[in-house]
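Both complexes shown next keep subunit A, but they swap its partner, so subunit B is in the first and subunit C is in the second.
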Partner chain A sequence: MITGTFTAAIALTASVAASLLALGGPAQAADPVKLIDVIELSGPGAPAGTNWKNGVDLAVKEINAKGGILGRPIAVTHYDSQTNPGATRAAVQRAVDEDAYVVLGPIFSGPISASMQITQRAAVPQIVGGEASAFTKQGNPYIFRTSLNQADAMPKLANYLRDEVKAKSVAVVWINNDFGKGGRDAIIPELQKRGIQVAADIATESGQADFAADAIKVKNANADAVFVYLNEEESARFLRAARQQGIAKPIIGETTLLGAKVIELAGEAANGVKGHVGLLVDAPKPGFAAFGKKYQDAYGFTSDHNGIKGYTAVYTVKTITERVGKFDREAFAKTLHGARIDVAQEPGILIDTKWLENGDVDRESFLVEVTDGKPVVKATLPMINP
Partner chain B sequence: MDQFLQLVVAGLATGAIYALAAIGFTLVWQTSQTINFAQGEFVMLPAILVLVGTHAGLPVWAAFAVASVAFVLLFGFGFKRFLVEPMQRHGVLPLAIATMALSVLVKEAAKNGFSAEAQPFPSLVPDGMLSVLGAAISARDLAIVVVAVVAIVGLQLFITRTRTGRTMQATAQNPTVARILGIPVERMILLTFLINAVLALVASYLVSPVYLAKFSNGESIGLAAFIAAIVGGFNQIRGALAGGFLIGLIDNLTAAYVSSAYRTAVPLVVLVVVILVKPEGLLGRKEERTV
Partner chain C sequence: MIRRFDPTLLILLVAFPILWVLPSGLKSYGLYVVSLWLVMSIAAMGLNLTLGYAGLTSLAQGAFLGIGAYATAILTTKAGWPLPAAFLASSGLSFAVGVLLGFPALRVRHHYLAFVTLAFTVVVFLIARNEQWLTGGVFGIANIPRPVLFGSDLGAALPFYRLLLCVTLVLALAMWWLLKSPWGRAFLALRENPLRAASLGVDIRAYTLLAFAIGSAYGGAAGSLYAPLVEFIDPAPFALSASFVLLLTVVAGGAGSFFGPFVGAFFSYMLPELLRATGGWYLIIYAAVVLVIVMISPTGLLGLIERWRDHRSQAKAAAARAAAAPTLGTAAGGTDSLGKGATQ
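After this line comes the complex of A and B, so read on.
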């Protein structure tokens, strides 16, 4: 009898343990879900990477405070890509080897192109900040954007130059990397289609410190407007050099040129700059304002578009995983293609966003002018395919 | 023609910064027969120290004052006392390697201790344009050229026209004989290092409002100044001055008339040509050694 009871007790205990294991019992439920963020924390991309990292950390903190994703807390690790394709590849490989559920970042398009095959081979979703049009054209089912593709933004800008600025000729200044070359190759045909002459086509280098010669060339091109497509620090240096050389023509750009960091670095020289912006804490959306305040309180400075991208990348992981109902990378990638996340469903997404089949996003965007050191929204542009 | 004149002035402004840094190479070479590979970081650091001061709550003028004194003490006196003197007795090569280590240390300390991002830096010269021969010239470019030329001409006059300067020269030419003649050699060498620190300070304050203050600024400035010093003549202050202006001009004209992509390569080509044609540099002096 004693033996029978003892055997029954062991059987019962084993049965309960097996049931708990099968259900993913309490110990397993608390296991963190691993996100690895490969981001530009040094090198020319440091301003962008710092904003993105802060945005990621803010979202992770909020989500964990509310119980995590499907009951599991998020554990995020940041690796510095050094804005270097080789270092990015090594960091992405490390992220894959360390069994990341999703890889976040990087932002610079060159390092994205150099590393995205690693996550593709491992079937790990990667949510990046890059705007260059090329990398979502390669048929990689695991790459997703947080920002508009520059090829979608450029027609809006060309229309703006024709209709609002009334420019007949434009000087184009671009940075000679994947981001800048992609932007240059996208804007010039759009300008030409609209009968706008390209008065100067000036390539500059990543990490360039001295823009005096480029500003003098722009000035002497005597175009009706200047289109600037450089990374953050270079944008600020160019604006300072343009001010120093007395360039008085309208300076127009895309998201980066109007970023908070550029405005801070360029100081007075940023006033009057206009352009198209995909994401902006000052845009007329309640979610942006709330995020901007939280970010300012946490880090002591204003988030640029990269802070928003990092923040929404984590909320994208949360929302899509909850739609899938389990932690399954392949199902995650399949679900995110064609998905739409509205603020009404998930406030953390900040602005209604739709992902296309190739990983691009579609959403509203804004025309902005820098006035007294602040980006002021002049108009809201609709989604391309709502 | 207007564009060319503007580019020449902008090139001279860039060159003035290179010249200030290049003279540092010359001064250290003359006193310790070695190359200070941390010279670029010497130009980067003062601006970072000013920003550390303002972030700590100091008024801007106080931050400039504290940073200037701290920098000259640390990288004038401290550099000589704690790096050059202990390493010099082991030969030129260990000392050169020690300056490479110092370069990395200063750069990484600035990055990790302050920021990896570029920072705005207050300008001591207002924006504005001046009309010169029909071309609109940036007031800041002109100011950079004027300040640098005044600093360098002042240094040259100090060295050639004052008793202290002449004893410095004597020390640089032959420390052993200078010591026999009763010249306080150690004090003269210290003075040379302090002058080097002050020139780096001036270069830093002139260039940082335009380039922005960043831990990595020393890399490009140090390389350009090194090339300028070799092209002009490593053992002559006037050579460093000429080399600085020449490389600044080539740099800007290349960016404007060829491409920004070649602005680093063309000065290197000039360097190779000068070494092949006139190894002592354009204004350098041939040095003879007995083996």
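After this line comes the complex of A and C, so read on.
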């Protein structure tokens, strides 16, 4: 008994000691600029995270081919956040320990909320892909977005529902996570302000496979339009269920609903879906088309908005660092607040973008309709404060 | 039996100063991972009591982790309680809920009990997600403070790790004492043969409830430390999958073995971080390791050592038999069975 317990203890101590050595590996201070990308490569966020990662890799390759940032090449490392706040925190902590110049990602808001204090404490800028409104409201001077805040998109969508769709009532279908709930909490007051009745308020689960019951509820609500705010895979499944139930009312959504992955997965069922999109490769901007082609050639599928976010995040790092003239994290964060990067100065930014004092972005956006399996831009909406 | 210093206690007391000093050279990431190992070891220790010693299959440990984490997060951020008070309250709350959940365990066992506790975990998850006024719903609770004890701020990674280490030691000593006490014997009797235990005067009802409640209190205590460790909680880390991982932790480490939870938590929470170096392969490697361990040693990693020891003592006994055989002559068969019996 005693021998066994001791052997066990020695084995445990040895493995813990070995792992402590591995965890405390030496920090690198080599010549390349270190960008660390903490991103959803497994778990529910994997489709979004994979697009982002590819976008980052593409931008890094291009920038390095042209001599890097201020003469230094970029070395990018990807850490899987597992779409889990605890794992994200560990990965961001590791990124800070490894002396990342800028942390890129994650996309999902829960993981962002769990990790943004670490970069703030270490004064490391973090450029994230999240759209939920909460995290730029906390006065953190090191957090920056790559896409519009969902709260900014909702008034535009409510106007569209009132003026273009002429809806008097809307059924709202949302995913019960921080992204979906945030969107739902933002759209409902905007609809009510415009005198549009919320005919049904339907919460769905993350990872839900069968949306038939929800589609039937939507159908029974008999609203003039359906507003759908779900993650990628769930959006596609809902669209299929809605078509099976014969819902013929306009289906309206925000960026995710019109994403490339959703259109691919939903197939025919995506046709006729309309909505507001912040970023898409089919937007009438030459940069987007060129990026879309490069991405398609490199990875064999169409990039969604997350690919664009990852790509532009790296170009943001490049442009702002060049403006600062040196690798200084604090100066980087200060310069990015209130900065504006135009395509004319840096084609890699793909669309003229302005950063506000809280880290939110302002840029043009698009009204899109899916026709024959392709998102077609119907109108371009201006910046809120150009 | 000769009274001597218990090896388990000795290992605990020797490991403590080593673990106090060893990680001091680590950066905050390393310290975070080691801290997470300690916290999850506490939760696994609780489940090991319920599952490994008392034989009650519970899928609720993740929920108790959540109850502890939410109670602490709410008490420290909204009510302004200090962490020690919130820790005691969270553990106490988990103990009380554990007693309530123990009642179904009086009626059902094995996979039926697993289903009851599974349902409980789902209910706790839904409350955490839907009762936004209390739990922050899907947006979670951010900026959970780390403690200030006796005027010193334990917010930095190393002091907080050392605080966790002290709490882990105290809880491990408490568990050691409990398992050595007549209660520990009663839990084992409950697992091996409840009917016989009852016939020997063990109050099955009380001990089942107690096993559940103490195991749950450890889960709550771990949750109470998890919240200030991560400084942010939302319902996701306490969903059903957390309970499955904790179950895996106890089984992989060696259910019913004192150090099993520590080995298991190392396996479940530190190994995936160590495997990050393998890039996109790390989850596949981790899953493959799980498969192999469960296949070759259903009694867990510590079970492997037990088996190796049994094997060695059997080999020794066989050698002894072989040596003894010539002198016993024709009675070789009888020696064999006797020899085998002696090694059991």
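Operating definition for what follows: the second predicted complex is superposed on the first by the 356 of 386 C-alpha atoms of A that agree within 3 Å, B and C clash if a C-alpha of one lies under 4 Å from a C-alpha of the other, contacts with A are read in each partner's own complex, and residues count from 1 in each chain.
The rule is simple: a contact is a pair of C-beta atoms (placed from the backbone, for glycine too) under 8 Å apart; a residue touches a chain by one contact, two chains touch by 3 or more.
The structure presented is a predicted model; accordingly, all values stated were derived computationally and were not measured.
Enquirer: What is the contact status of A:246 with respect to subunit B (first) and subunit C (second): first, second, both, or neither?
Expert: First partner only, subunit B.
Enquirer: After superposing on the shared chain, does subunit C or subunit B touch more subunit A residues?
Expert: Touching more of subunit A: C.
Enquirer: Touch test for A:198: subunit B only (first), subunit C only (second), both, or neither?
Expert: The answer is neither, since A:198 touches no partner chain.
Enquirer: With the two complexes superposed on chain A, say which partner A:110 touches: subunit B (first), subunit C (second), both, or neither.
Expert: Second partner only.
Enquirer: Contacts for A:97 in the overlay, against subunit B (first) and subunit C (second): which applies, first, second, both or neither?
Expert: A:97: touches subunit C, not subunit B.
Enquirer: Which partner chains sit in contact with A:41 here, subunit B, subunit C, both or neither? Use first/second/both/neither.
Expert: both
Enquirer: State whether A:177 touches subunit B only (first), subunit C only (second), both chains, or neither.
Expert: Only subunit C; A:177 stays clear of subunit B.
Enquirer: Can A:377 be said to touch subunit B (first), subunit C (second), both, or neither?
Expert: neither
Enquirer: Identify the partner contact of A:84: answer first if only subunit B is touched, second if only subunit C is, both if each is, neither if none is.
Expert: second
Enquirer: Need the overlap of the two footprints on subunit A, from subunit B and from subunit C, as residue ranges.
Expert: 41-42, 176
Enquirer: Under the touch definition given earlier, write down the residues of subunit C that touch subunit A in their complex.
Expert: Subunit C reaches subunit A through residues 7-8, 11, 15, 18-19, 22-23, 25-30, 32-34, 36, 129, 137-140, 142-143, 230-234, 236-237, 257-259, 262-263, 266, 270-274, 276-277, 279-280, 282-283, 302, 305-306, 309.
Enquirer: Write out the stretch or stretches of subunit B touching subunit A in their complex.
Expert: 2-3, 6-7, 10-11, 13-14, 111, 116-120, 127, 129, 136, 138, 140-141, 209-212, 214, 216-217, 220, 251-253, 255-256, 259-261, 263
Enquirer: Applying the document's contact rule, which stretches of subunit A touch subunit C when the two form their complex?
Expert: Result: residues 1-9, 11-13, 15-17, 19-20, 22-24, 27, 41-42, 78-80, 84-87, 89-91, 93-94, 96-98, 110, 113-114, 117-118, 134, 138, 176-178, 180-182 of subunit A touch subunit C.
Enquirer: Touching residues of subunit A toward subunit B in the complex: what are they?
Expert: Interface residues on the subunit A side: 41-43, 46-47, 50, 176, 202-205, 207-210, 212-214, 216-217, 219-220, 233, 236-237, 240-241, 243-246, 261, 264-268.
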